[in-house]
Amino acid sequence: MKKEFKGIFTALTTPFGEEKVLPEKFRENIEKYNQYELAGYVIGGSTGENVYLTDDERDVLLRTARETAAPGRKLIAGTGCESTLNTIVATNRAAEMGADAALVILPHYYKSLMTVDALKAYFLTIADKAAIPLIIYSIPRNTGITPPAELIVELSLHPNILGIKDSSGNLTLLEEAGPFMPEGSTFLLGAGSILFPGLLMGASGGIMTLAATVPELCIQLYSLFLEGKFKEAKKLQLELVFLNQAVTRDHGVPGAKYVLDLRGYYGGPCRSPLLPLGDAVKIHIKTILTDLNLI
Amino acid sequence: MKKEFKGIFTALTTPFGEEKVLPEKFRENIEKYNQYELAGYVIGGSTGENVYLTDDERDVLLRTARETAAPGRKLIAGTGCESTLNTIVATNRAAEMGADAALVILPHYYKSLMTVDALKAYFLTIADKAAIPLIIYSIPRNTGITPPAELIVELSLHPNILGIKDSSGNLTLLEEAGPFMPEGSTFLLGAGSILFPGLLMGASGGIMTLAATVPELCIQLYSLFLEGKFKEAKKLQLELVFLNQAVTRDHGVPGAKYVLDLRGYYGGPCRSPLLPLGDAVKIHIKTILTDLNLI
Amino acid sequence: MKKEFKGIFTALTTPFGEEKVLPEKFRENIEKYNQYELAGYVIGGSTGENVYLTDDERDVLLRTARETAAPGRKLIAGTGCESTLNTIVATNRAAEMGADAALVILPHYYKSLMTVDALKAYFLTIADKAAIPLIIYSIPRNTGITPPAELIVELSLHPNILGIKDSSGNLTLLEEAGPFMPEGSTFLLGAGSILFPGLLMGASGGIMTLAATVPELCIQLYSLFLEGKFKEAKKLQLELVFLNQAVTRDHGVPGAKYVLDLRGYYGGPCRSPLLPLGDAVKIHIKTILTDLNLI
Amino acid sequence: MKKEFKGIFTALTTPFGEEKVLPEKFRENIEKYNQYELAGYVIGGSTGENVYLTDDERDVLLRTARETAAPGRKLIAGTGCESTLNTIVATNRAAEMGADAALVILPHYYKSLMTVDALKAYFLTIADKAAIPLIIYSIPRNTGITPPAELIVELSLHPNILGIKDSSGNLTLLEEAGPFMPEGSTFLLGAGSILFPGLLMGASGGIMTLAATVPELCIQLYSLFLEGKFKEAKKLQLELVFLNQAVTRDHGVPGAKYVLDLRGYYGGPCRSPLLPLGDAVKIHIKTILTDLNLI
């Protein structure tokens, strides 16, 4: 049986200064995250501006994370490229750098040709050749593709595919695929807005930008769920809705990094072409944090 | 304070025979539904093929429902037209026929012009002139419009607007608008797939096609929620997922009517241009019902 | 062989005053249009706010148009409802009021169920029973449905289907279906932005909001095309682009009516929920007309 | 004044054998294309499976193209990455390999954050630092972004931005931006289906997959346009519609490569995850070519 990836994973941001990766700031952030009971870290996800990184930069980040992460923390590396071949190479390179699993986004440039058969062949081929297990990464807002439940179930039967991270923001795939994936499968939520309802419907946990900005509250929510304190969990979930929307749907990574700056982490600028936040947005985000008694 | 509409509402189908409305079959179906603890019935919703009905047919259906519905059952009539004027007329006509509330879909033909201001004026004007209270009806799949949470909150402050039926299939609006709507507001789920998670996050109940096909199971799910039996509720919710998809997303009203035929209600044909189901779909639906031990 | 509908058709607006139809203003507008070599008029199209009219109002408008239109002008009535039955009734009612042809929009409320087979049966059934010939009306922006070329070709083989009005704004359907429709078929463009290129690729003419606002320029463009003065045609087409966008994509019927007001026609307000234009938009539209030396 | 890029450019495919780039086959294809009066070649466009290539492979292809292309042929290299920095590096590397211009796709992973301001800063920064001039590449089907005309006009004022390749498949941007771009600007059509109407409305030429499969016919169409033989041009344009759809919208690069195989070029397989064509599609494509008397 596969080892299920459970609990709260922080999707790490990538610290930049004048467009350069700052590994020392990355290390310092991880050290701060280490104090919370997080299940692990994602390096090179959407939150990590992965599409803006070079291969060498990804290496540095992964090695730094491996060195710095508290013992037992799982490291998940974003390794999805458009081609099957490049994804295999990137995945095995991540394995060498110490990643425990690879997060592989659906290839999507040739959207209309990414049929179920094409996607199936893609993931099975990679799973066969990968030195570490895979987690399928579905994020329809960015890829324009919603994988059908049957595909996810079938792929989850492969011994080297752990399961899926679903950032759709709804519960459809969890409800349709979840119950039919083999025992020990991993179903991680990508949307902080449905962490509690998703856990209730059977999710393993979450990989969330939200957990980069308020890791302690995400863990608290997860604990309330585990303890069956559903009323408190609902309350906390609702309190987190606006912060979550601000750092995902509305203002994305620049929004998340600004929250980090306000909370004592290193946020800093994003890489171009992502623009800095305007003043109105900054005030809006500050207000949300003040309402949550976080600043 | 407004009177919250709570619990499970059946979205009634409209029985046809050779393209004609069959009020007697409509009556018989309602009599069957009367045996369950349903909160009420929706006449002329999407499930009722409202867009295919004439005004006179709507009258007959409403009067029949009023005569037949068990005491205390709330009747909600679909009265949304594209124009403000026609919707007011239709709403007040429904009031005369005995409706307790009107379900008013977002006008959507001129999508790009249906700004927040246009929608606000539309609903406020109707609410001012309507003899019965309104429930806003959001169904983005059919209208192409997703109303912002702020609009729903603002509209819910009007004394004659009860709240919203949201058929988006996700929890976004519930989480973003729900906590800010005045006490006593109504938030009804339109998607059977998220009844349980939606109730957990604060929804008042549901108006669902699913409740036309398996009213007893929808009520059971609602009861399990009220009793705090969350584990059983989750199990039942997951069991209902495929039936729900079959009678909504996949096969729509023709699918729902076929389930009715199989379960001792009158389903019958839909009005043209809705086509009868093919044999493969019928077998698929039968299998789902067999798996649920319903036939 | 069918009689092809050729040339420029004005999509008439419906004059309102305090939400009431003003037949006298409608008549006056038509009298003004009569002075131009227009092929005919469309009553109850998208430009005519058809979705906001009652059956009786449609009757009045059609009869007024029949009485007022210059001899030989073709009258095309928008008669598409969601149900097959209602569309047949509306079409034959329009025939009685004097319409020469019916413009029938694709039914679209149950989008996902409007398969090729459903649409085919819909149009063939109506064509069989209609007292006047049909023109299929495709407007994907409003309906969310793009009919495949094969369907349009097949439908055009029916003796009572003249062809199509395509408001897609691109040339795909014209190029893919046009050459395969039987001789004498009608292919009318709904987008003023591609009148000239569309005519060059074989279109019969156009039904356009633009032809309600600047009929003389639309006719001039059509004449330049007929005379082979392609350089001048291109120049005029480009000059009309911004006016066309203003009265369709950007500001819709309210925009078109404002242009009418400025040019000596009766424009007046739209029906609610369409809002009046703001001042900035009015200035923008005035500037466009000034640039065209029209005011 | 900038040097306008005019005429027909072939979007080259990248030959693979067992997933490896085959530079010799690439050279042979170019030698065949050299016999036609093409304006130049695009290396590493969507047709060239650019997203599947490594930097080193791009170098080899560009150098081979530079060595092989007939004198005077312009080489345009696809160099767009998601980050500003990486695109500058890739562009200057392409310049060193002999490219005459760079084709830079709109960055699109963080779609909702790619505002007009973000895109403007992106292209202006790159244009400032690039050793060769840029052509903006808009392909909404793949990127999900349609740039507004104002942005394209403003960017075209930069001395190092030649203009745009627009693969939208409609004439909107050409009509709205074209007349306002400075003299000498380049507007290349990416959709073979509207080559003739686009040229008539002012386009400079085309960069088309179609020109990889039937370069002689694309050139013939362009010549007919230049000679004012519009009737023949229309006829030829319509004849090309189905082939064009087959190698773009319907079957993409695998379809184009199959046409190459049938016509004496090296087509060969695409890189995974693009799947080989099924037999039914192959027969369909053969029929199209037979109808065109090409095989």
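Every chain is named by a letter (A, B, C and D) in the order it is written, and numbering of its residues begins at 1.
In this section, a residue touches a chain if its C-beta (ideal position, glycine included) is under 8 Å from a C-beta of that chain, and two chains touch if they have at least 3 such contacts.
This is a predicted model, so every value here is computed, not measured.
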Target chain C, source chain B, minimum contact steps: 1
Label of the chain whose CA centroid is most distant from the centroid of chain D: B
Distance from chain D to chain C - Cα centre to Cα centre, in angstrom: 36
Separation of chain A from chain C, taking each centre as the mean of its C-alpha atoms, in whole Å: 50
Residues within chain C bordering two or more other chains: none
Chain contact graph, described as a line, ring, star, complete graph or other shape: ring
Pairs of chains, among all present, that meet the touch criterion: A-B, A-D, B-C, C-D
Contact footprint of chain D on chain A as seen in their complex: 19, 46, 51-52, 54, 82-86, 107, 109-115, 117-119, 121-122, 125, 141-142, 144, 249, 251-254, 271-275
Interface residues, chain D side, partner chain C - complex: 169-172, 175-176, 178-179, 193-194, 196-197, 200-202, 230, 234, 237-238, 241-242, 245
